[in-house]
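This is the structure I want to talk about, given as structure tokens.
So that you can tell them apart, the chains are marked A, B and C in the order they are listed, and the count of residues begins at 1 in each.
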């Protein structure tokens, strides 16, 4: 720390050796829980450093180690090797198991994004239950996208970086089976289901106290 | 993971290679919240493993790296190399949850912008403290908008780009309306229909009334 | 995990489906399970057979007097219609009605899509997940000294906050503020006690209490005071005088007191 090049010095000196840059990137990524982009890393390195090259070296160094350098959401992060998960599992509280509805809703959003509520319901054939979207928003796996410029301007949902991080995906293009689904036309936006099974708006059990149905309620999503 | 040695199997099999043990220790120490003693590590490894030897190998491997394996109080932990501490300076942030008053104030500004202080108070039903607005201004989530051309020419508040960034919104128009919040289960109680929103002053230009909804309004209620 | 009904149930007869009706997520889910019983690729599914399977399923549910949600019955009606249309030679299909083949194709597509999304969901969940298979650094370095407070708030916090304020507003009891009224009793009392000074004709307004002379309150005070003077005039205690309609009203103490 005492002999570390400060910002000012680094202006007047040559950048550190590539080996030294690799150490720096290693330290930065080890200390960060969030993935960092090459740009973010380069900003933290002394002037003239080449983060991309240092990352490449580091990736090789950690290949097949107990901790590996991976790319998620276009950024870099150290994560434990997935084959060692069994050793570490007790370390963390096991995450709550998602309901079938939540898993399906998440997948539909991931593969069809941006997806409106009624599109999710159209695929599943049932109303999206209360709290499902809430849960996914709470996990920060989905967020609001642009409103769809169709009548009613419905809100859309898209997946987040945290989603990619959680499932170890570099981008949504790397979702498993995405290409096959696309090729099979199963992700095509079909005209609304006037010829198919319609989703009935399901009464929310929480709204029991209401005498008359709210005319504004159905299908705003 | 499926082929990971379980406790029972490992009784009847040879322990993993020393190289593999080193990987395991690496992953354990990386993911551990606390430093671990050699004994604690050995308990987590498959039977017959030699934690002390694996730690010795790991110590050599990380010698002079950006991250080093150190002993604190007889336990082991990874730490950033001491000469690289300067890199991590800005990493340290204490994170505090925004107060309820601040989140509510922010949400009202987001939905009703431009909003004057008295409009915010009207919606919240309580006075807005100077500190709350200061904090939001300080965070650069809100800024001053045009003065309202009404008596007193009160200042208005609007949200910023940084606000959109932080909350992962494409635009404020993508915020869901009241009915949509309700449909998503975010609204716990049922507002009493159309009369629920008439607490805003009549002259408030944001509150158009429900009978003539403006399709470009961010609110759908 | 994604299959509410496992394969063995799907291979069993309709009765076992009934037992599991709680496990279904709507008619489309039932249809997908039934379609799997045909043991063909979903692309080659017989929609006519599927419609019959579904109608049989609904019938036996009715026989068992199971309560079926409305959407199950709506789908049954729709499939019965589809079935009749599929059985009709195409040239006899009524003008202006949707083509039965189109409807069948559309349903087949919905089933394929649902199945595809379920498989995709299973593959997604089978990936190495953070905190389950893959772990982050447990103790990020405590090296730094820069203290910076980062204020945390998520979009969900924001939405809930807004929903909360709106809900709270909706539930605020409506207080209709009662306008301040100057009671006639008060006017009578005041007039009686100050009448002694009214030897000469005095403008009615002079009798209003000081703190009621403000614009907003005066109407009430004036009306009550006027009503009180009428009362007193009837009793012969005061005399009133007004020279023209809407003109000023004067009063003074009556000369003769009633016996």
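Following the convention adopted for this analysis, contacts are C-beta pairs under 8 Å (C-beta built on N, C-alpha and C of every residue); 3 or more make two chains touch, one makes a residue touch a chain.
Values in this document were obtained by computation on a predicted structure and should not be read as measured data.
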item: If a chain touches subunit A and subunit B alike, it appears here; value: C
item: Of all other chains, the one whose Cα centre sits farthest from subunit B; value: C
item: Interchain centroid distance [CA atoms averaged], subunit A/subunit B, Å; value: 14
item: Chain centre separation (subunit A, subunit C; CA means) in Å; value: 32
item: Subunit C residues counted as touching two or more neighbouring chains; value: 133, 135-138, 140-141, 143, 154-156, 159
item: Residues of subunit B engaged with two or more neighbouring chains; value: 1, 27, 30-33, 78, 80, 85, 88, 90-91, 167-169, 175-176, 182, 184, 186, 188, 221
item: Subunit B contact footprint on subunit C (complex, rising order); value: 133, 135-172
item: Residues of subunit B defined as touching subunit C within the complex; value: 1, 27, 30-34, 77-80, 85, 88-98, 100, 102-104, 106-108, 110-111, 123-125, 135, 139, 166-169, 175-176, 178, 181-182, 184, 186-189, 191-192, 195-197, 199, 221
item: Of all residues in subunit B, those that touch subunit A in their complex; value: 1, 4, 6, 22-28, 30-33, 44-45, 64-67, 78, 80-88, 90-91, 167-171, 173-177, 179-180, 182-186, 188, 190, 193, 215, 220-221
item: Subunit C residues within the subunit A interface of the complex; value: 1-2, 4, 25-29, 31, 70-71, 74-75, 78, 98, 102-103, 106-107, 109-110, 112-114, 116-121, 123-125, 127-138, 140-141, 143, 154-156, 159
item: Subunit B-facing residues of subunit A, complex; value: 1, 3-4, 6, 22-28, 30-32, 44-45, 64-67, 78, 80-88, 91-92, 117, 130-134, 137, 143-147, 153, 155-156, 160, 206-207, 209-210, 214, 216-217, 220-221
